[in-house]
Structure formats: C-alpha cells, structure tokens
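The two complexes that follow have subunit A in common; it is paired with subunit B in the first and with subunit C in the second.
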Partner chain A sequence: MERFIDLSLSAIMLAGLYATMAYGLGLIYGVLRVVNLAHGGVIMAGAYLGWVLFERWGIDPYLALPLVIVASFGLGILMYRLLVRHLPRGPAGGPASLLLLFGTWLVLRNVAYLLFTGNDQSIRTSYSTASVPFLGTYVSVNRLAVLGVAVILPILLQLLLKKTYTGRAIRAVAQNADSCTLVGVDVERIYALTFGIGTALAGVAGLLSATIFSFNPGFGSGELLKSFVVVVLGGLGSILGVGLAAFILAVVEVFAILVLPSYLTSAVGFVMLVLVLVLRPGGLFGHRVLG
Partner chain B sequence: MSAATPALVPLRVAAGFVVGVALLAVAPWILDFTPYSHNLVTLAFLLISGAVAWNWMGGFLGQVSFGHAALFGMGGFVSARLLLSGPVPAPLAWLVGGLVAGVFSLGAHPALRLRGPYFSIATIGLGESVRLIFTYWEDFTGGSSGLSLPIDPDMKHQLYWWGLGLAAIVVGMSWLMRHSTFGLQLLAIKADVDAAGDVGVSATFYQDLVFVLSGAVVGVSGGLYASYFSFIEPNDMFGFDRSIAFVLMTVIGGVGTILGPVLGAIVFVLLRQYLLASYPDLYLGLYGTLLIFIILFEPLGLAGLLGRLARLARSWRAPAAEGGTP
Partner chain C sequence: MSEPLLQLDAIDVSYGDVQVLFGLSLEVREGEVVTLLGSNGAGKTTTLRAISGLRPPRAGEIRYRGRSLATIPAAARADLGISLVPEGRELWPQLTVRENLDLGAYGARARPHAARNLERVFAMFPRLAERSGQLAGSLSGGEQQMCAIGRALMSEPTLLMLDEPSLGLSPLLVDQVMNTISELHAGGMTILLVEQNLRKALQVAQRGTVIETGRVRLEGTSAELAANPEIRAAYLGI
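Presenting the complex of A and B:
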C-alpha cells in the first residue's frame, strides 16, 4: 500500500512535467500543422541554459524561469523566421518540414556538444534532496515545485488564449488561416508568436527536467516521443485533455517499473503511442482545435 | 511523369546501365585498388543499396523513416549469428538476414500503417526500442561487446562484387518501380491516400509490400556489412546515427528520384572519409546543416541540381542555335 501511494505520487509529479513538454508541441501542431521535430532539441537547450545560469552565476533554477522563457521564445521566433516560414504549407510540406526541423535538432545537439561536451550534467541545488512527509511517505520538495509550475503554466496559457486579443487570433488562425487574413489578422505574426510560445514551453520543460534528471546533448529524443504520445492521446489542442493524457502516460510508465526490466521502461511510451494511434487515432477525448 | 507509359526498358538506359555495372565490375583489376579504396567502394555499394531502399519508402511512398537502422542491424546480426552457428553458405545467411528484416517490418505493420508525422515519430520510437532490446539481449548480440566473425580475406575480396550486384539489382528495381503502374500507385498513395483508395489502389497492401521490400534490402546490406567488417556491435548497427545516415544520403542525392540516393550515398561516403575524419566533433551539425540547406534551397538534392544545370545548358544552347540561322 505504501509502495502504491509512493508510485502514485511520483506519477502525478511526472505527469506535470510531461504535460508541460506536450503543450508546446501540441500548440505548434494545432496552429501551424507542423510537427516540431526540434522540440527535443529545445528541451535539451532549456536544460543547458538553466544549468549554465545555475553553475556560472548561481541563479536558482526557479528564479531562472523567466530568463529561460524569454531565451527559448527568442529561439523559437528565430527558428520560425529563418526556417519554418519558407516551408510549403499543407500536406505536401509534411516530409520537408520533418526533415528541416530534424536537421535543426541535429545542429542544436552538435552546438551543445561543442559547448558542454557529451558528459552527463545535472542541476543540484541545496534543496534537491529535501523532502516533506506526506501520507506516510516522503515527497521531494523539488518535484512539488515542478508540479506547481506545471499547474500554473497551463492556466496562464489558457488565460492568454481565451482573454487576450492575441490569444483569440491564435485560436482563429488554428481554425482557418485564410479567413483570418481577410479580417485583418497578421497570420505570419501569429505563426511566429505561436512557434515562439511553443518553444518557450519546451524550454521550461527542459529546465524543469534538468532539476530532476541528468542530461547530455542527446537528451530530448525520449522527451519528444513522450510529448507526442501525450498530444496524440489527449487529442490535439485541448489543454485539459493534454493534462489527463500526461497523467495516463506517467501512471503507465511508473507502474511499468513493477513488471518490466528497467531498460525497457523507455519503450513503454512507444508501445502506448502505437496502441493509441491504432485504436483511437483521434485521441481519447476526440479532436478539438485549441479549445 | 511523362515517361510512365513505355513497358520496355529503352535501349539507351539499359545499355548505359549494363556498361556502367560492367565497368565497375572490372574496376578492381584495371585500377588495381588499394585495400583502402576497396574498402571505400564496397562500403559505398552497401550504403547505396540501403539508401535506394530507404528512398522507396521515404521518396516513392512519402513515408519518412527515422528507424531504418533497426532493419540494418537485424539483417546484420541474424546473418552473423547464422554464420557463427555452423557451415552455412554466406549468401544464404545474408538472404535469411534480409528476410527476417523484411518480415520484421511487416510485423511492425500497425505502426507502419500510420502516415506522415505519426509514422516518422513512431519510427524514432521503434528504432530506439529495437536498439535497447538488442543491446540487452546479450545471448544473441553479445551485448555492447558485439560479435566477431572469423576474418576471411577471400570473402572480403568477393564482397566487392556481391555489393555491386546488390546495388545494381536495387537500382534496377527502382527504375522499374518508377516506370510501372506500381510506381504510379505509390505516387497516388503519396499524394493522397484517400483519393488513391477511391480509384482502387489499396494503400495498405502496397505500403506493406514496399515495407517488406525495403526492409529486406536494408537487411541484406546489413548482412553484407557484417561479413565485410567481421565485427558488429549493437550500438553501432542499431544506432540513431545510422538511421540518420539513410535519411541523409537520400536527401543529399534527391528524395524520390532514381539516381539521387546513389549520388547521395557516394557523397556521404566521401564526406565521412575525407571531411569528418578530421572533424569528428562536427559531424551531427554538418549533417543537420546539410539537411536544412537542401530542404530550403534544393528539395530534390543533387539530382535536382543536375536537372537544373541540364535545363540551363539546354536553354543556353537553344538561343545559340537560333542565332546561327539568320
């Protein structure tokens, strides 16, 4: 029973991280219809940025959040303006966008390797090992903080999408970009902004993961896969769906530890992806565009 | 697609192909290859076969796979295991390796029926899962220390022609695919699965067929690779870098063209040998930059570039001829 509570708690906290990773991928796909294969690379970049800020200047990872958000937002805008903008739209552009963003990912990985070598790194703060008692077991303070960020972020995102003019424009572009041009929405600007918000979320996810896991330049391919599982499972664009889907993935992964050898747990996400795509291609909660 | 109708192979194409293969076949005697260049050319043949087979899926069918290393490794390890297990003739072992890889890609049928980005991301996961399973399956693959095959200089020498034969067959198949109803059906599926279904092209059947063919060829080339280098190791054979290599060779040469993957594989081998040996730290970034530039500026790669040059030469000659007749 104690083990069960333990595993459930870690599943909940893992779910927060997965949801943060997935929002970015889902938002970009929902609006631009482009799967950002460089997503894993941005997550890795966010982790390294947090690590540099912490190691060199002693900035606490949670205080570094705004910096990482701004930096990865800028990276996203840059990626959109320099690369993604030039792709053909629609289904014909599919393979091209995959290859282009895949290339971007490789470049990001190489840059990280040149700057920081291939060694494993992690952010170890003074409270990394601290924990508080809860329901008869102990919960890591850091993981609670990660969960907190993961709960606040989607609320902010939801507010942005629902209450602001820009947010309404993003949702409108997701539904029909051509009509938006007709009523005077600058679609290019919305695309760039959306791409930036998506990568900013990826950067945050990277920073948060860096406080929990160790990482190297290859970090992010598993994260890309998991984000994709969550997005597909949750149905594209529904924020509540993404949260629930992240929870399901986390539960399955955490409890798989009980029955599977540890090296196979990373294959769990993949098996789920295939099952979901084959059994419920529209996601568990149906298709909705940014609702 | 103007050249889709003729049923017979045009004489010029057939003749050029036969002469080219014949020249390559006698090249080791005429040019008196050093072991180094023998190595390089044989490796190029194996990679050409793999790239052409990747192109059937990525180019003709429009399904970009980031997991072909799984098939390559499987072919390599199955044939190596067979060769180690007893007096099995090597060609049989390679063929079995290819068959296993082909059957495996059919077994992954549910995943491979996905389309577009879903398919591509599933192949990343599939490739990683297969790599993990084979790395930890030490009884079969020897784990991270790999498998060593007895070194046989005769066999190594002969593998040049085996590799050439495989590459020639595969390029010929590419040509036939491109110039037959089968190729048109693949193009229809690539353009629009639903519309293809409406006009009676069974997307499921043809996709499965292409997957088996592609998997089998990549598997056989993995088997030849294992025999040639006499040492294989799961993290190299199944590695992500290898999957990327198949993508890259085809994209450099020209996705969806016949000669593109051939050119791409040659460029890839040369790049690796002469450039990356000096800058091993830069190879991922260089591959990535190449991908970005090709997709942005010449989506058909070298084949597209050659086509452009040919058109340029023609338009340059045409006005000149006009000027000659007052």
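Presenting the complex of A and C:
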C-alpha cells in the first residue's frame, strides 16, 4: 500500500512535468504548424541555466524560475526571428523545418558540452532530501514544489489564452490567420510570442527536472519524445487533454516498474505512442485546435 | 466634388506568376454603396484582398482618404476603418461566437468601444446574443454570416467590404442580409459589396462596376446597369 501511494505520487509529479513540456510543444505546433525539434535542447538549456544560477550565484531554483522563464522566452523569440520565421510551414515545409530545428538542438547541445563538459550534474538544495509525512508515507518537499509549479503555470497560461485579447489572438491564429490580420492582429508578432511561450515552458520543465534528475548536455531527448507521446495522446485541444495524457503516460511508466525489467520501462511511452497512432490517430480526446 | 474615400488606381495583382487583375480602377465615395460585379473568377475577391492588404498590388496604387496604402500593413488597416467580411465567412470555428465578436474589436481604435459595439451587434442580430456561448463552427450558414458581419462591425468600420454575403443562404436570409446592408448604409457607413446576386446587389447599391477577367467591363449607376441590355442578357437572364 505504501509503495502504491509512493508510486502514485511519483506519477502525479511526473505528469505535471510532462504536461508542462508537452504543452509548450503542442502550443507551438498548434499555432505555427512547426514541430519544434529543438524543444529538447531548450529543456536542457533550462536545466543548465538553473544549475549555473544555483552553483555560481546561490540562487534557489524556485527563485530562479522567473529568470529562467524570461531567458528561455528570449531564446525562443531569438530562434523565431533568426530561424523559424524563414521556414516553410505545414506539411510541405516539414523536412526543411525539422532538419533546421534538429540542427539548432545539436548546436545547443554542443555549446553545453563546451561550457559544461559532459559530466552529470544536478541541483542539490538544502531541502532536496526533505520530506513531509503524507498518508502513512513520506513525500519529497521538492517534488511537491515541482508539482505546484507544473499545475499553476499551465493554469495561468490557460487564463491568458482564454481571457486576454492576446491569448484569444493566439488561439485564433491557430484556426485562421488571415481573419486575424483582417481584425488588426499582427500575426508575425503572435507567432514570435507563441514560440517564446512554448520555449519558456520547455525551459521551466528543464529547471524543474534538474531539481529531481541528474542531467548532462544530452538531456532532453527522452523528454522531447515523451512530449510527443503526450501531444499525440492528448491532442492540441485543451490543457485538460494534455494534463490527462501526461497523467496516463506517467502512470503507465511508473507502474511498469512493478512488472517490467527496468531497461524496458522507458520503451513504454513509445509503445503507447505507436498504439495510439494506429488505433486513434486523432488522439484520445479528439483534435480540436486550442478551442 | 470631394475626394473619394477609396480609390483604386490601375492596380495589377498576381498570384505568383499568374496575373489576375489588370490595371483595375475603382472609386468609392463616402456614404455610398458600390457593388462590384462579375462572374466567377473575374477577380472580385482578389480586389477586396488587395484593398485589405492581404494581397497587395504589384503596380498601381490604392488610396484611402487620399493617402496611399502601399506602406500600411494589412494588420494596421482595421484601425483606419477598413473592414472585410470575407468570402466564406472565415470565422474561427473553435472559438465561441462571443470570442469571434470580441476579437473583431482587437484594434487599438475599436477596443475601448468593444462593449458598446457588442450591444449594437446583438441588437442587430439577436440570434447571435442567444448563441454567444456556442462555437462559431456549430452555427448555421445564416448565423455564421451574421457573426462574420458582426465581427467586422466590431471594428467600427468606415468602409465595410462584403464578399458574397448571400452565398449559400436561403432567399429569406438573403433578404435579411440585404436589409442589414441598407440599414448600415442609412447609418452612414460606406459599403463595397461583391455579389453574384446581381438583382439584389443593384437594389441596395447606388453604383456598380462590372469586371471581367480582372478588367473593368462596365460602370454606371444601378439604374443604368439594370437597364443595360448586355447585363440583362448575361446576368439577369432576361
């Protein structure tokens, strides 16, 4: 029973993390029709930024959150202006944009090797090992904090998308860009902003991951693939779909530990991906775009 | 005579290598309803897209209140009072009716008056008020057309352009749309109306221009056009 509660809590926390990074990927795809293969690179960059801020400047990772958000948002804007803006969009532009964004990831990764070597790092705070009692077991304080951020951020984002003119414009651009231009929306600006928000979520996911897992410049590839699984499962429709899909993936992964040898558990997500693509190509929850 | 509100001066418009408009000229004066007529593929939609900035001309000039629009990006034209109800409505199907209307007031000039204009739109189309929480994609064709017109009105246009607003509507709804246009005109709005339904268009418009493969074929007052034997033969089937 204790083990069950333990695993459940792990699953919930992982789900929050997966949802955060997947939402960033899905938002960018939904609005720009570009698969951001550099997403994993930004996740890695977020982890290192948090680590540098903590190791060199002693800034607590949760206090560093705004800094990481601003920096990865800025990185996204830069990537958009320098690169993504010039890419062909949609199915026709697929290969070109995939290759260029994959190249961007390689650049980010190699810069990280140059700056930080390939050694494993992690962010170890004074409360990294602290835990509080919960339902007869103990929960890590840090994991609770990760979950808190991973729940609050998407909710804030959802409020932005639903309640503000800019957020509504983001959703509208995903559905019909010309109509947006006609009512006065600067569509290019919305694209840049959306790309920035998507990468900011990746950066946050990286920072949060760094407080739990160890990482090196290769970090982010598994995360990117998991983001794909979640987006395909949950669709681009709603934060709820993404959250549910992230939860399903996390639960399956975590509980697979009980029945599968450990070297197989990481394959679980991809088996799910293939199954969903074959059985329900529209995702488990339909494919409304940012409705 | 005062300067026209809108003036197209010999514009050429192309899609890639394919030229669609050839030296097209057109004028709309303040307070007028002008209709742009022509058979399918003549270039009516392209003309409206050129005016709204979605497909700027290769050559020639579009002037609005005497000023060239060449350097004004499409997204800035709503703030100048230019608004288009596009062919096929082009709503955001997965946003609610209310969200579609709200976004109509996105521009800096219109936004402060969004609440007032929303009331006006709802008064004009009570049906939209009833359906305000529904997804625009779930509306009937007529309701979608009302929503598209409502969205355009949310920007408080000076020049309202409508591209085949009666397309696919039942005769009853066509009349309703035409009445709406007359009402807006009576309220002082300047209107450029593209229609296939020539008879109806000439009833609400004061003047008309007939284009054929991207060139002006005929121009005149509605009465003149309605009496023109060529038009009667080609479009009115008389």
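As a convention for this text, the second predicted complex is superposed on the first by the 290 of 291 C-alpha atoms of A that agree within 3 Å, B and C clash if a C-alpha of one lies under 4 Å from a C-alpha of the other, contacts with A are read in each partner's own complex, and residues count from 1 in each chain.
As a convention for this text, a residue touches a chain if its C-beta (ideal position, glycine included) is under 8 Å from a C-beta of that chain, and two chains touch if they have at least 3 such contacts.
All values reported here derive from a predicted model rather than from experimental measurement.
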{"item": "Which superposed partner A:135 touches (first subunit B, second subunit C, both, neither)", "value": "neither"}
{"item": "Partner chain(s) touched by A:176 [first = subunit B, second = subunit C, both, neither]", "value": "second"}
{"item": "Per-residue touch tally on subunit A - higher for subunit B or for subunit C", "value": "B"}
{"item": "Partner chain(s) touched by A:115 [first = subunit B, second = subunit C, both, neither]", "value": "neither"}
{"item": "Subunit B versus subunit C as contact partner of A:165, first or second or both or neither", "value": "second"}
{"item": "Subunit B versus subunit C as contact partner of A:151, first or second or both or neither", "value": "neither"}
{"item": "Subunit B versus subunit C as contact partner of A:269, first or second or both or neither", "value": "first"}
{"item": "Partner chain in contact with A:187 - subunit B first, subunit C second, else both or neither", "value": "second"}
{"item": "Subunit B versus subunit C as contact partner of A:260, first or second or both or neither", "value": "neither"}
{"item": "Interfacial residue positions of subunit B with respect to subunit A in the complex", "value": "58, 62, 64, 66, 110-111, 113-114, 116-118, 120-122, 124-126, 128-129, 132-133, 135-136, 192, 240, 244, 247, 251, 255, 281-292, 295-296, 299"}
{"item": "Of subunit C, residues touching subunit A in the complex", "value": "52-54, 73-79, 83-84, 86, 90-95, 99, 102-108, 110-111, 135, 151, 154-155"}
{"item": "Subunit B partner contacts - residues on subunit A that touch it in the complex", "value": "35, 37, 83, 86-87, 91, 94-96, 98-100, 102-111, 113-114, 221-222, 224-225, 228, 232, 261, 263-264, 266-267, 269-271, 273-274, 277-278"}
{"item": "Subunit C contact footprint on subunit A (complex, rising order)", "value": "165, 168-169, 171-172, 175-176, 178-187, 288-291"}
